[in-house]
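The two complexes that follow have subunit A in common; it is paired with subunit B in the first and with subunit C in the second.
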Partner chain A sequence: MQKRVAICAVAQIKNDPNLWYARFQNMLLECFEGIMQQTKVSFDMEKGIRTVITCSDDVWDARTISNNGMTDVVGAHFRGEEKMAQESLNGLGYAIASILSGHDDVILYMGHMKESQTESRNMCTNLAFDPFYCRPLGMDFVNVNALQARAYMEKSGVTEKHLAKIVVRSRQKAKGNPFARENEAIKEEDVMKSPLLADPLRQLHYYPATDWAFGMLLCSEERVKEFTDKPVWITGYASCMDSYFLGDKDLTSNFSLKNATERALKKAGIKDVKKDIQLFELCDHAAYQLPMWAEGIGLAKEGNGGKWIDDGGMDEFNVNMSGGMLNGNPLLLGGAARAIECFYQLRGEAGKRQVKGAKRALAQSTYGAAGQHQAVVIFEV
Partner chain B sequence: MEYWGVKVEDIFDTMNDRFRPEGAKGVTAKFGYDITGDGKWKIIVSEGLLEVIKTDDLSDCAAVMVCDGETFVGINIGKVDAANAFTSGKVKIEGDFGQFGKTAKMFKKYVPKKAAMSTRDYILDMFGTLVSRFQPQNAPQEAVIVYDIGGADGGVWTAYIKDGKCELKEERAEKFTVKLEVQEAKDWVDVMLGKVDAFSLLSAGKAAIVGETQLALKLGEIFGKYQDPMASGTPEQELIVLKKIISVDQKFSTGPVMGKFLNALKEKKILGNKCPKCGRIQLPAREVCAECRVRVDEWVEVGPKGQVRYMEYVYYASPDPLTGETRETPYGMANILLDGCQGNDTFAHLIRRDQIDRIKGGKDDVSGTRVRPVWNEHRTGSIFDIKYFEIDE
Partner chain C sequence: MAHKKNRNVAIIGVGQTKHSSHREDVNQPEMIHEAVSAALKDANLSIKDIDCIVHGNMELFEMIHQPDLWHVLGTGAYGKDSIRITTGGTVGTTLACASDNLVASGMYDIVMAIGFEKLQEGHTTGGITNMADPLWFRNLQTGALTGSTAYDVIQEFGEDRAKRAAMMYRIVMDKHACLNPNAHRAFGLDFDQVETLMNTSPQLVGELRLIHMCSQSDGACAVIFACEKKAKELSKKPVWIRDHITIHREETFNIFGYHKDFPVLKTHKFAAEQLFKRNDIKNPLEYFDVFEMYDPAAWWGLDWLRDFFFLKGDEHLRLVENKEIMIGGSMPINPSGGVIATNPIGATALLRVAEAALQVRGDAGAHQIPKEVKHALASGFGGTMWTVLMMLEKELSW
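Entry: the complex of A and B
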């Protein structure tokens, strides 16, 4: 990337299992006010926010054009408002593109998801599949991920014991993150005894239903001083979409993640992912994905995920210091949660979980079943 | 010349029938059409009247459309994209382009006449194909079948079947095995095309069987099915359409603000909230004033009476997706300016159905019909704690 985009501020609410007393508008409003307080940005048509990007999903909100329900609480009245009904890192990509293209120089980016609203997450993700073939077979993100999990674990020597270790670590790390979902502390044997959802995926291997919202203010390099003294720069972004039908792809090849990573690193001018980046936030919907994505990004050797965990790879490379999605972020927003952790870390504001001296961070997200769509963002200070 | 079975003249000849005076309001002008190779036409529009003339003199026209016959017919019957034809230069407008644009609204769409077969055509075709449809394996050794088809389009035919052969003559045999008497030729055509059941004709007394009834009932086997020459020959691939109701249970939280508004309805109160900055009242109450981007926390009770500002008639009744309930139609959906509200701070609800014809919407300083809410006896914190509004009299 020749030009850089700055994240000036982030705001979020605490990840929660069930915000029954709040509409998603209430969740977003807190984040909106957080951004306003931190940056003092205005809605002046000359100098202020003219474009708002939101991230939400119609099926999960159970209303079409779900962004219409939030324009008032994100300040979007009487100006541009665009929705990303995709993973939130792709929404961030949209914000980056808006700024780098010169379309606008200040973007407010907001997202929400209230997973507690639906009685069945699996019925929602079943709707991601075509109505004639995959839906009647009962496909949803959990059981399709399980298909990938089984194939990946066999290829990479990842065992139930490894998965248990990943889950327990996720919850330990989340204890240091004040915005993380509060979960019971568990031991490895609890994980290994938790009910099977779709073999080999057990309940505790899968991220729990969570409500959450966030906001970010982004701007061009020229304008950053107006909003913050401590910007975090985005220097690389890429996404890649793999085949839709499962039969078309090798479930363990990591094709789309490798593709997105390679392109994002190239844009950021990074040669050696292990040396040049000090912090990694990976979007682990399910425990098996953490080593799998680590392989895709190049932290672990292909087919070596199990050994990588045994060798302490998760701690060596500062992976998911936030606790990760596995501890609880809603679908769609796992990527934003990863990006926000990178922001805090690079600003040195990560408290107990702070990685000392971190200069570069990588956030990854995935959407669709079995890691179909991948996005990677590189941050720098 | 004919294009897609339509002549250029067909378009002009039907212009008077297709003319829409309401679309020509305020237009007084002459327009020319120079259809290369097919001729020139002029239309004169004046005070909602139309005259179409075939003429070579287009000199006094405000605008002249120049194109070839194929393009002209194609645009009129939807085979050629008009915008493409203009941009590619296949159609040119000489003169006042803007004025010519008005012709677009003046005419109903040209619908090509579908060549149709008359009842007589069908009768002749049915008997003309009878011998070729004969199925000897299903036929008796010997039989004489008389078809006595009444009406102006009808006639009398006799089919002689003998030793696996069939011969048809346009005559009335006096000795027959069975005779079919149909009063109207049209009815027989409908039976043959499968539009009407033969038994319903018999029971309605529009047809009769004389002689061996059993043989008459087997006619459908003795002669193969009559194929409608107007129907398309090859059956299309069967397309499968899935009909599904997608249903995923949801819990919609009201949040503290919408919750307070709905709860107040239980107490027969309509609560709005007032923006501390611009002073407008929001109905229903919301967390923020979208225009001022500030939290709105001052509550005010408004109404319950007010005046109608807008009302519409709705003639369909989509079910409420949350309850499956429908409503009777037509119903009146209204925006009501409740007492205490100003400007556009209106409240949307329904109007008592038997009163919708009496509602007048207000405007500026003129009050609309005064209305009051009719409260439900059992109130649950729903927008239907108010059944509807009725005239306050």
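Entry: the complex of A and C
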């Protein structure tokens, strides 16, 4: 990219299984006030925030144009408000484009997702399937991920034991993250005995339904000193779309993640992902995805995910020090959660889970059945 | 002083489907593919030339979650960067603004925006009603049917003049739609029907009558945006994006305690003031050669002319009464027939940008306005009275 864009501040509420006492507006207001307190940014038409980007989802909110209910609490009254209706990491990509274009030099980016409100997350994701052929079969993201998990485990030597190790580590790491969902500590046997959702996926292999909201303030390189002394720079972003019908693709190919990674690294001018990046935050909706996406990004050799875990790859490359999605982030905000962890780590503010000397970080997110769409963002200090 | 930009961006291709109440011959990806193919053909490009796809509509209208996933079969997004943005009725213009930003940023050289809706596969009024706060306002909702503007115009100008002007506006739009082969509704109305229609068309909400209101349409629109270098290489008639502005507003309306001396500030007026000020346009009525306005109903179209062009008193009524808004008039409004004729919601506001671009190019066919179009304006409307405005130019001269 020609220039860099700064993240000046982040705010979030704690990930929670069921914020029954708060509407999504309450969740957002807390984040909004956090950003205002940290940055003292204004809504002046010349110098302040003219555009707010939000991230929410109509199906999960059960509201058409769900950003309509957010306008009041994100400061978008008589200002621009544009809604990312995809995975949240793409909203970050769009925010940096809005700044690099010169159209805006300050962007507030906010998002919410309240998974506890839905009767069934499987019913929500069932609606992502075409109404003629796939939806009537009862397909949803869980059972499609199960198909991918089986194929990937065959290819990469990933076993039930590996999956259990990944889940246990996720919960251990999350203990050091004050905003992570509070889950009980578990042992590998607990994971291996947990009920099957769709073979081979077990309940503890899958991210738990979670409520969460966040805010970020981004600005151009020229104006960063007005808002922070410790900016984190975004230097690369790319995404990629794969085929839709499962029969049209090799479920283990990592086609879209490889492309997105290659394009994002090129924009950031990074040649060697293992040497030049010290921290990786991956969207592990399900345990098998962590080694699979590690292969896609180039941390593990293709077809070698099982061995990569045995060799300590997760710790060697500082993967998901936040606990990751397996500990609990909402489905479509996993990417924003990953980006926020990169922000804390690169600022040296990650507390017990701090990776020393980290200068570059990579956040990945995915959405759609079996990782159809992938996005990658590169951060630097 | 023009709004600063990292690099210039132009529209180099537009495509749209035939719009209809029932496109039962195609599914959603197939319908979108028609618009995508038409846009690529118009730009003389292949899908390989597109760097990024920007997709948008309202999920709950057709009840497809993340429809860009399924639509990859028709959008051509396979293997490409792609994003999905939705902002209600304004989404089409938001897609155009987003595409402009994505290209201007330097991240992509050529971006295709795709807006679509297949309203026959859902329930639009039910969907829009579902937008309102479930605790306080959902039970008060009438979907997109709003009669309060008719009430206001009648209060201000008297019943007969107001009703005549609104029906005149409606008939002008129909006359335009009859010239546009892609328009959905084209009835062949004539001015001698003003009196009959203003008294006999079925009432929906107060004086908002069936004939005043836009249709529910199926259709798609695709627009291709390129950086200055590519636009000059690839297109003989690039249409330059000068600037755009988005103004949303609070969810909750001031519906109680309304007083005419303290009118509620409108996003249209605020957006136009901000946009024209930063581009040094003092008299928009004089500056622009054509305006493709998101006019969901005749009363709104009539009323909003005043806000967008800073008109005073009854100037907006006189523009309509004197037929100055017709294709051959001093300020042609919606030569395409506008939203009243054609409304596939996710595509509707992008159609405004596409049609404005065709007018600038001189390629609008039978609904091309007769004078040279150097400066065009397009608007999007949605949500709770939200506005997006985009300025298009023939020359890179600001």
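In this text, the second predicted complex is superposed on the first by the 381 of 381 C-alpha atoms of A that agree within 3 Å, B and C clash if a C-alpha of one lies under 4 Å from a C-alpha of the other, contacts with A are read in each partner's own complex, and residues count from 1 in each chain.
Everything that follows uses one rule, which is that a residue touches a chain if its C-beta (ideal position, glycine included) is under 8 Å from a C-beta of that chain, and two chains touch if they have at least 3 such contacts.
The structure displayed is predicted, hence computed values, not measured ones.
Visitor: Based on the shared subunit A superposition, would you classify subunit B and subunit C as clashing or fitting together?
Guide: Subunit B/subunit C on subunit A - steric clash.
Visitor: Contact-wise, after the overlay, does A:72 reach subunit B, subunit C, both or neither (first, second, both, neither)?
Guide: A:72 contacts both subunit B and subunit C.
Visitor: Check the residue A:380 against both partner chains and state whether it touches subunit B (first), subunit C (second), both, or neither.
Guide: The answer is neither, since A:380 touches no partner chain.
Visitor: Scan A:127 for contacts with subunit B and subunit C and give back first, second, both or neither.
Guide: both
Visitor: Which holds for A:295: it touches subunit B only (first), subunit C only (second), both, or neither?
Guide: In the superposed model, A:295 contacts neither subunit B nor subunit C.
Visitor: One more residue to check, A:62. First (subunit B), second (subunit C), both or neither?
Guide: Both partners, subunit B and subunit C.
Visitor: If we overlay the two complexes on their shared chain A, which of subunit B and subunit C does A:115 touch? Say first, second, both or neither.
Guide: After superposition on chain A, A:115 lies in contact with neither partner.
Visitor: Which partner, subunit B or subunit C, is in contact with more residues of subunit A?
Guide: If we count touched residues of subunit A for both partners, the winner is C.
Visitor: If we overlay the two complexes on their shared chain A, which of subunit B and subunit C does A:281 touch? Say first, second, both or neither.
Guide: In the superposition, A:281 touches no partner, neither subunit B nor subunit C.
Visitor: Between subunit B and subunit C, whom does A:19 touch in the aligned arrangement: first, second, both, or neither?
Guide: first
Visitor: Figure out whether A:43 sits in contact with subunit B (first) or subunit C (second), or with both, or with neither.
Guide: Touch status of A:43: first partner only.
Visitor: Could you pull out which residues of subunit A sit against subunit B in one structure and against subunit C in the other?
Guide: The overlap between the subunit B and subunit C interfaces on subunit A comprises residues 59, 62, 71-72, 77-78, 124, 127, 131-132.
Visitor: Considering only the defined contacts, which subunit A positions touch subunit C in the complex?
Guide: 1-2, 45, 51, 57-59, 62-65, 67-69, 71-72, 76-86, 90, 93-94, 96-103, 124-125, 127-132, 237-244, 255-256, 259-260, 263, 267, 367-369, 372-373
Visitor: Using the touch definition from the top, list the residues of subunit A that touch subunit B in their complex.
Guide: 19-23, 25-26, 29, 43, 59, 62, 71-73, 75, 77-78, 114, 116-120, 123-124, 127, 131-132
Visitor: List the residues on subunit C that touch subunit A in their complex, please.
Guide: Contacts found on subunit C: 3-6, 27, 53, 56, 58-61, 63-66, 68-70, 72-73, 77-88, 94, 97-98, 100-107, 127-128, 130-131, 133-134, 244-252, 265, 267, 270, 274, 382-384, 386.
Visitor: Tell me, which parts of subunit B touch subunit A in their complex?
Guide: So the residues of subunit B in touch with subunit A come to 242, 244, 246, 248-258, 286-291, 293, 295.
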